[in-house]
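Should a chain be cited, it is by its letter among A, B and C, assigned in written order, with residues numbered from 1 in that chain.
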Amino acid sequence: MRYLARRLLHSMLLLLAVSIFSFAILQLAPGDFFTPLSVNPQISAHTVATLRSQYGLDKPFPIRYEHWLRSVFRGDLGLSFASGTPVAPLLVFRARNTLLLTGTSLLLAWMLAIPFGIWSAARRGKWTDRAGGVVTSSFLTIPDLVLFLALLLLAVRTGWFPTGGMMSARFDDLGVGGKVQDVAAHLFLPVVGLVLATLPPLVRHIRSAMIEVLEAPFVLAARAHGISERRVLLRYALPVAANPLITLFGYSIAGMLSASLLVEVVLSWPGVGPLLVDAILAKDVYVVVAAVMLSSVFLVAGNLVADALLFATDPRIRTEQIN
Amino acid sequence: MQETLGHGMNPESPQSNSNQFEPLLRVSGLSKQYVQRRPFSRQKIVVSAFQDVSLEVFPGETLALVGESGAGKSSLARCIALLERPSTGKIELAGENLLALNRKQLFPIRREVQMIFQDPSSALNPRLTACEIIAEPLLIQGEGTKPQRRARALQLMEQVGLDSAQEHKTPLEFSGGQRQRLAIARALALSPRLLILDEALSNLDAANQTLILELLADLQAAHSLSFLHISHDLRLVSEFADDVAVMYQGRIVESKDTRKLFTSPEHSYTKELLASVRSVESILLERSA
Amino acid sequence: MTHRQKLACSAAVLAAFSCVILFAGFFAPYDFAAQDRDTPFAPPTAIHFVDAQRSFHFRPFVYGPRDLAQSPPIAAAASDQFHPLSWFVPGAPYKIAGVFTSRTHLFGVAEPARIFLMGSDAYGRDQFSRFLYGGQISLLAGLIAAILSVSIGILAGGIAGYYGGWLDEILMRGGELFLALPWLYLLFAVRAALPLHISQWQVFLLLISVMGLIGWARPARLIRGVVLSAKERNFVLAARGFGASDAYLLRRHVLPQTYAVLLTQITLLVPQYVLAEVTLTFLGLGVGEPMPSWGALLSSLQQYSVLASYWWMFLPALLLIPIFVVFCAAADALQELHKSVPL
């Protein structure tokens, strides 16, 4: 238990550091949201200054940070300059969509990667494994951007899939079943893209983790006892390989978040990605900081889950406590 | 209980070939402790490598240090070679307390004491050539020009029985015994007075062991070198050591000249050690019986 | 194919490609910014050997703009405009490595014909030429950023591994911070801090610096591991016994052990950084117009009309694939070789 508490504390400190860091680099920017206005001769400097102080942009850094931190704990993430609306509801709406996308993709990717990885490891060296390896390698080397653009091209050229957005125009007219189907249709391509982007490295890692375990002496002993290969694979090797795989799970979340940003922009899925990009272009400070913090929270949370799972499944970590 | 040596004081002991009765190296009350701290906890675990060690090495003579692995012998060797700092005690070389000196003052002293490690493969940088390896101490101490250093390196190679035409080879291209000779050549580069051999023969086969021992004996005679030879092989020790110190659980339990140790051991651990050494004849006798 | 052969092969391909990119001005028939408003979105120019009269010409030729300007473009119709392909033609001036000027291009056609090997974009700019010039920007950015990252990594990892203690703690915790964020988000956040309207060169330099500064943590961790094990080796101890200073030990004994790791890291990082630059520019956050970074070439693909009607605009994306394949092959081969080299 102390192990988990320590990990939690560590994560909190990390998030705090990240927030200071992201807030700091944004403040380093020369000029701010209102700089383009100040260049406009028709708007007086006085107006610009008033706007600045109205939005609190003229106070020094520590004060703004402290202000921001306090409001975060109240649930207020600041104001989006571009849209004039509070950041929090905007972000929550987008975050929900991103979670839907990444959650589905994560689940699907792992559900595909584990059997495929185990299967390749079991048939290691045979031509099926080698063929699988070639396929994996080729997808590995295709840049994510190219992959997503290809999917977009597919959608446009064939017309089989919607080319963007989360719902069609007549969404509100559909019944519940219809609504689900509509979202699913829009979700299809982004999920395919994300899964294709993150699957190959996963399969590779799972395969090598399994191979490492399969070469251990205790597996050889189990085989010598006449235990069936299938049992050896699933009941003996897999639980031991679970340790590195759970750690991998934590890391895969990071990769997934980075890739999801790109897929959302290319395939026009209304998640945090496009929000972030637009905010950067508009120098919408609070939105940028909030989005970056959100992704960090997802990441850290994912790693914490992985740590908890590890604690629950790996007896070595629990005994380390007692010593 | 320990007995300190007084080599010249015992008229029955074989006379050494030195005419000095002052020890070259005197170690007094040396101890070393490691403190381990667990992260996020107040616990401190104190591990003692060795405690209250005192010994003396006389010019031109060999002191053997025996004991089981993990008794702290290597740690002691590193402290005497000035590669680690002991927690307490004194190390005197020709009367001068080395532990009281700062880094700059210690720099020229380093020439006097050199160490030969157990595994020659790890003691030699695999990327350098034999010539570069042997010349390195000269380079570090700033001696001579490049051609001079090379000449000296080649000379040393010949001295240890290696063919100087092989100067361009890397350590991996030499055999185990040859690598140890390289290490010895390197150690001799600065003309030291004391050589510390940390289980230097343990990784070699019996034939090579004999050859290297002969080489060491020749070098000792030629340059009046002193050796502190750490070994766990008592049989070997009986062949070359003038005096023996026995280490048990981090302390010196017995220390006297070789013949006396073998004929009249006092401490129970020494007796145990001796009992486990059997000559080839006694083994063969038993088997044929 | 053995790993060594694989490495040699991929290195050769990369070298050849880099040569072409370096002399982009020579290989490209047009300047990257040369617009031709008469031929927007022209498909790749068809090169013919047989003309409408069914006679064979040894010298390949193209048809004139009158045919090209029609939409959909007419190919191989009977035409009185006949423009043979010439080699080593004089054309728009360009600079090699920013220093030498030249006017000779490898191939070209006489005016008013155009030879668009990969078609043209909305402004009538030759995509092929832009692709070659784009390589200069994207590859250079990736290379410099990777070197920067690895350099910081050596510094941080070397100090942390060698001196240990609180220095090690601080550096590794700091590195954790950089590793904790999804790198694309971090890149964006830092990019957001930079002004949007500054000169091209400044953007380029800032971009490289930012990418380099973000990615130091992983190489640093690896190098720290190597340094930690190297400094305990007996030959380092022996050298210290001769009185060697820390600087000497690092320089002569410890750091050379890291070369293998460094090389592998650089080969892994370069394609990642090239991709990062391409992604940033694609999203409008990188080098701007008219610099033809590969990202800029791909950005037009976000428009529906482009994807629907002009298939050749996708070619730069396809061409990226073999480049990355070769990079990955080289990195893989290096990693396998490095594993089997005894320390």
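Things worth noting here:
By our rule, a residue touches a chain if its C-beta (ideal position, glycine included) is under 8 Å from a C-beta of that chain, and two chains touch if they have at least 3 such contacts.
A quick note: this is a predicted structure, and the numbers were derived from the prediction, not measured.
The minimum number of touch steps separating chain A from chain B is 2. When the C-beta pairs in contact are tallied for B-C and for A-C, the bigger tally goes to A-C. Note: centroid distance chain A to chain B, computed from Cα atoms, is 59 Å. If each chain is reduced to the centroid of its CA atoms, chain B and chain C end up 57 Å from each other. Chain centres here are Cα means. That of chain A falls 26 Å from that of chain C.
Contact residues of chain C toward chain A in the complex are 176-177, 180-186, 188-196, 275, 278-279, 282-285, 298, 301-302, 304, 307-308, 314, 317-318, 320-321, 324-325, 327-328. Chain C meets chain B in the complex at residues 233-235, 237-244, 248, 253, 256, 342-343.
Chain contact summary for the complex, chain B toward chain C: residues 78, 81-83, 106-107, 110-111, 113-115, 117, 119, 122-127, 136-137, 140-141, 172, 183, 186, 190. Note for the complex: chain A touches chain C at residues 14, 17-18, 21-22, 25-31, 137-138, 140-146, 149-150, 152-153, 156-157, 163, 254-255, 257-258, 261-262, 265-266, 276-277, 279-281, 283, 288-289, 291-292, 295-296, 299-300.
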